[in-house]
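In what follows, a structure is listed as structure tokens, so that the remarks can point back to it.
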């Protein structure tokens, strides 16, 4: 019964999360949170009004003709109007003219999107099957994108497995992310707030949960956040640091901490346990086992799991590895 | 295929004149040949794109192909195309004996072609010159070494992993040569309008490697080898080897490129050339076999006396198919065997 | 003129030869058309059910009925089966096979055995596609983009092999139609006196012949990639995944014109016949069809605006707008045909008018997606899903239904229940608009495509969309109901119920096995003075073609059309 | 209609024309190989393609007697070549100009985590 109630609520557009969610402030366009969004929305509206004009023209004319010229005598045949060159030339030339204008607008707007300014603030993005990770210039890695409003930001993006696509509706920005290549996406955010961030290119089972958030902050506020986040581990005990990394680096996608089954083995009671691998060998899960599993996950794959874990080589420094080991140790109820 | 001589009178019930039936058959066959041309167009496009992206692979790998055998094959196929044309002529004149003789000659030509191809494939199979992961690096340079010189390798690079027979499931770290990379890779300027990231100007600057565009209608557009980056492997540390005016240092989060030279001068991903080689010549070989079957079928019908001066359309249509197969080889030969 | 209705008991192509074997080995284009009709409607039913499952799953965010993998398989199979098994063979193979030779006054298509082979290839390819549904259905999307399609463990090979074989079925139909239209036209039917349905089928056949081989080689390369590990599209082996997208879309954009051009052919017939007025701008419409066929080969890049270089994007965006002009010209010509006509609002006309409405929206929303700056925002969102459904469903399927209802009396000799048919058309029209208008808004608000789970903000749009889908489903089941009923107990159809002037209406309904007692002479296809309504039989009796010079004047430019039938 | 004896078997080609074509093709094949001995630099490719196109034209015109056939058949053949040229040139145009301002030579590390299909 409550499904029905929920459906009706959704039908009327009143959903629980609706009120607080500012993803959609516009009637048919997301909120404008970047400098280029306004221009693109203007172009969207120009084309929209052109389409509405032509569409109404066609429908009104069709309606009139249907009303006016209904059949009376089954043998009556309409007048033999074969063609009218003047009319045909006009309704070819006018759409051609409009279409050329629309193309030019679109192309000019696109070129501003395509070429990033030289002094942009660079953030690296790595897309992998079903999670984003953002590496800030200070080396801090996070799964939420924070951007300042006082300078243009360029995302240098790559993927480690299949094609993804970084899509920021609020900035009207989208760029595919390719394995084996870099692709660039730049924007100049100017409206502080939190906006959704999607993966727009189909990438498999959890394609729809490969979403995150972009938090737009004022310049100083952003810098302050970054300094705190960069040495977050210093302010935490290793166990808390490990838990923080477990969330931020996407471990939670596959490894659970409450014993439930996932794509990867659960961390509960992992430390010190006997680990049986697919090729029959076994070993005790100690510190360097965990370290090896993070840096070269494919070398030893636990039986019953398939080797889908990407390597985190070069993305965990020693302090972070220590925190992970401490956290996993803390999950073993000795 | 599309012949209708199924009842004694060779004219289909829905045709008015034999003329109409012949023209329809011929036009239908030519449409089918257009689809064959477009089928191979896909492979020519793959060849063109990869040759423009990795010209050094094509120059390096070309030395493993035996030009003599390729040349003989071309001559064999052209002569069998000639005998097929003579067979069609004899069939049109109703001389079944001559038709049969020429058809047999054509079939012999076809078998000759496939025989030589078998020799070539065996040679490659033995040396491990195969596609994808089955490709084995060539430790020695056999035959002429004309291409080695181009690959003087300066710049520090460690001994990347050679592309050995990867065991399925184990991540196959493939060394890759960035189109720039340390070797004097041939990457010309990138004249694109959005600001040229001037590569460090390989030895032959704006080397134009017009790709295998074999249509006289479409002019040969000058496609300079772009120094677009190619997939790269590195085992951990990045080696900033070549200085680029615009290129910032490799973002530390992402491993930098290294230039793998398993042995003296072999560029990375050479298996791509052999992947394309086997796809093109393999598909062409399949079409030669299909042609041989069709010719055999027409030979049987000739010997059974189905054809006469009034009706020999099937011989004509099979002839057209055989000529298109020869036409595709005429382009394959220079593209694969004669890359200078 | 002896009307064919008095040989009531005369055998027709349906009961000429009894037994299943006579159907499975038939060379008669009418029977092959009916066999194609049955098989593509089955494919439409399967893919339609998958669409209903997709819409049911999306009623609420998170899990509604199935888990993500199954959902991904649902939308992939919905797309693949609809595109490769229903909408590409759809109008050309089912209606076209039946109608084309009749419109030419011919006895059969140029290569009857090739025609039967095309159907068997369709079935063989279909078996592969259905088998792939069972052995771990494909979950890559109907585009099979690499490197995901080379990594996934689902049965991509089965489906791609099925598509490869279905491609040949399409090529053979294309070859058949091009040669038939060139070589089997009757005396007097020059290129400018051919019905516009044939122009539509001719332009479609050209694309089928020239574009389909490229999907053939693409599928072969994908299969080689998965089985032999050739590494052409696999970035880890130095391949280029973008090259796959170029290969795929080089075929798949012309394929969308394979879908719409026959629909345009059908609409030109319906609008002219059911408003009993000669088509306006015959040459403009005919040339637009061929122009669309030509332009369709140079615009494929607009499917990859977020994946290509700025230079290529500029080139493709400019070329894409060239394709929108012929479609606009056609729409205006149809509109002008309605002017001062005698419009009958029967079912085929209702479908034709709703085509104008829906194809209008579909075509115009293409402008948003062709513009570079706006497409960056709209690419891979539900805006694109709504756009192509408006053009493919609102265009091709609606025209297919219109054509089916128009030629139903001729194909099966039965009339259908007009009231129920109008109701079904209304339900489908309303349901369709609810389903996809909400997706337009959701798409421009940024809802990405192929999402199993979505943030709550898009909740209400999904519910509206699913409700629209259910309404449409009711409309379709109703259509299936009264059409099957008409086969059993429908009123006997007369020879020419609509008063059309094309040749297929001058033989019995359903036609005799070799089509015509004597080959009719061709007249200008939209000259309705050739028949007269007979009130007591309800038939438009043929009263002979006008004198030759009137005929030439009818063509509008004093007879110097392309007289030679090259 | 091409001039033939109307029984629907097409134009009978004079044998000397066929022998002449064969000779020309063999000579041109020799040229194709000969071109590689002389270093023409980048132009070598164009020359090889020109010779190949000439050989292809000979085969199509005389062996497949397109020379004596109806124009519609030549139109079909040329259209297919034009499409091939379009396909290759527009694909090359994209791969050549890919993101020029990108960081040359540096590309991320690629490892196949799953073992493929």
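The first chain written gets the first letter, and so on, giving A, B, C and D; residue counts start at 1 in each chain.
Definition applied: a residue touches a chain if its C-beta (ideal position, glycine included) is under 8 Å from a C-beta of that chain, and two chains touch if they have at least 3 such contacts.
Bear in mind the structure is a predicted one, so any value in this text is a computation, not a measurement.
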item: Geometric centre: closest chain by C-alpha means; value: C
item: Chain pair with the higher count of C-beta pairs in contact (C-D, B-D); value: B-D
item: From chain D, the most remote chain by mean C-alpha position; value: A
item: Chain centre separation (chain B, chain D; CA means) in Å; value: 12
item: Rounded Å distance between chain A and chain D, as computed from the means of their C-alpha atoms; value: 44
item: Geometric centre distance via CA averages, chain D-chain C, whole Å; value: 34
item: Centroid spacing, where centroids are CA-atom means, of chain A and chain B in whole angstrom; value: 40
item: Sites on chain C at which at least two other chains make contact; value: 151-152, 182, 210, 214, 229, 235-236, 240, 242-243, 246, 309-311
item: Multi-partner residues of chain A (at least 2 other chains); value: 114-115, 126, 156, 158, 161, 179-182, 298, 307, 311, 313-314
item: Where chain B touches two or more other chains, by residue; value: 20, 23, 27, 31, 34, 38, 41-42, 45, 49, 53, 169, 171-172, 174, 176, 192, 194-195, 228-232, 251, 254-255
item: Touching residues (chain side chain B, partner chain D) in the complex; value: 17-23, 26-27, 30-31, 33-34, 37-38, 41-42, 44-45, 48-49, 52-53, 67, 71, 74-75, 78-79, 81-82, 84-86, 89, 91-93, 168-169, 171-174, 176, 178-181, 190, 192, 194-197, 199, 204, 207-218, 220-221, 223-224, 226-234, 238, 242, 244, 246-248, 250-251, 254-257, 309-313, 316, 319-320, 323-324, 326-327, 330-331, 333-335, 338-340
item: Residues of chain C touching chain A in the complex; value: 59-60, 68-69, 72, 139-141, 145, 147-148, 151-152, 235-236, 241-242, 275-278, 280-284, 306-307, 310, 313-314, 317-318, 321, 324-325, 328-329, 331-333, 335-336, 338-345, 353, 356-357, 360-361, 364-365, 367-368, 370-377, 379-381, 441, 444-446, 448-460, 462-464, 467, 499, 528-529, 532-533, 540, 554-556
item: Chain B to chain C touching residues, read off their complex; value: 1-2, 4, 12-14, 20, 23-24, 27-28, 31-32, 34-36, 38-43, 45-46, 49-50, 53-54, 131-134, 172, 174, 176, 192-194, 230-231, 268-269, 271-272, 275-276, 278-279, 283
item: Complex interface listing, chain D residues touching chain C; value: 70-72, 79-80, 83, 86-87, 90-91, 93-100, 110-112, 114, 116-117
item: Touch list for chain C against partner chain D, complex; value: 150-153, 156-157, 182, 210, 214, 226, 229, 234-236, 240, 242-243, 246, 250, 297-298, 301, 308-312, 315-316, 566
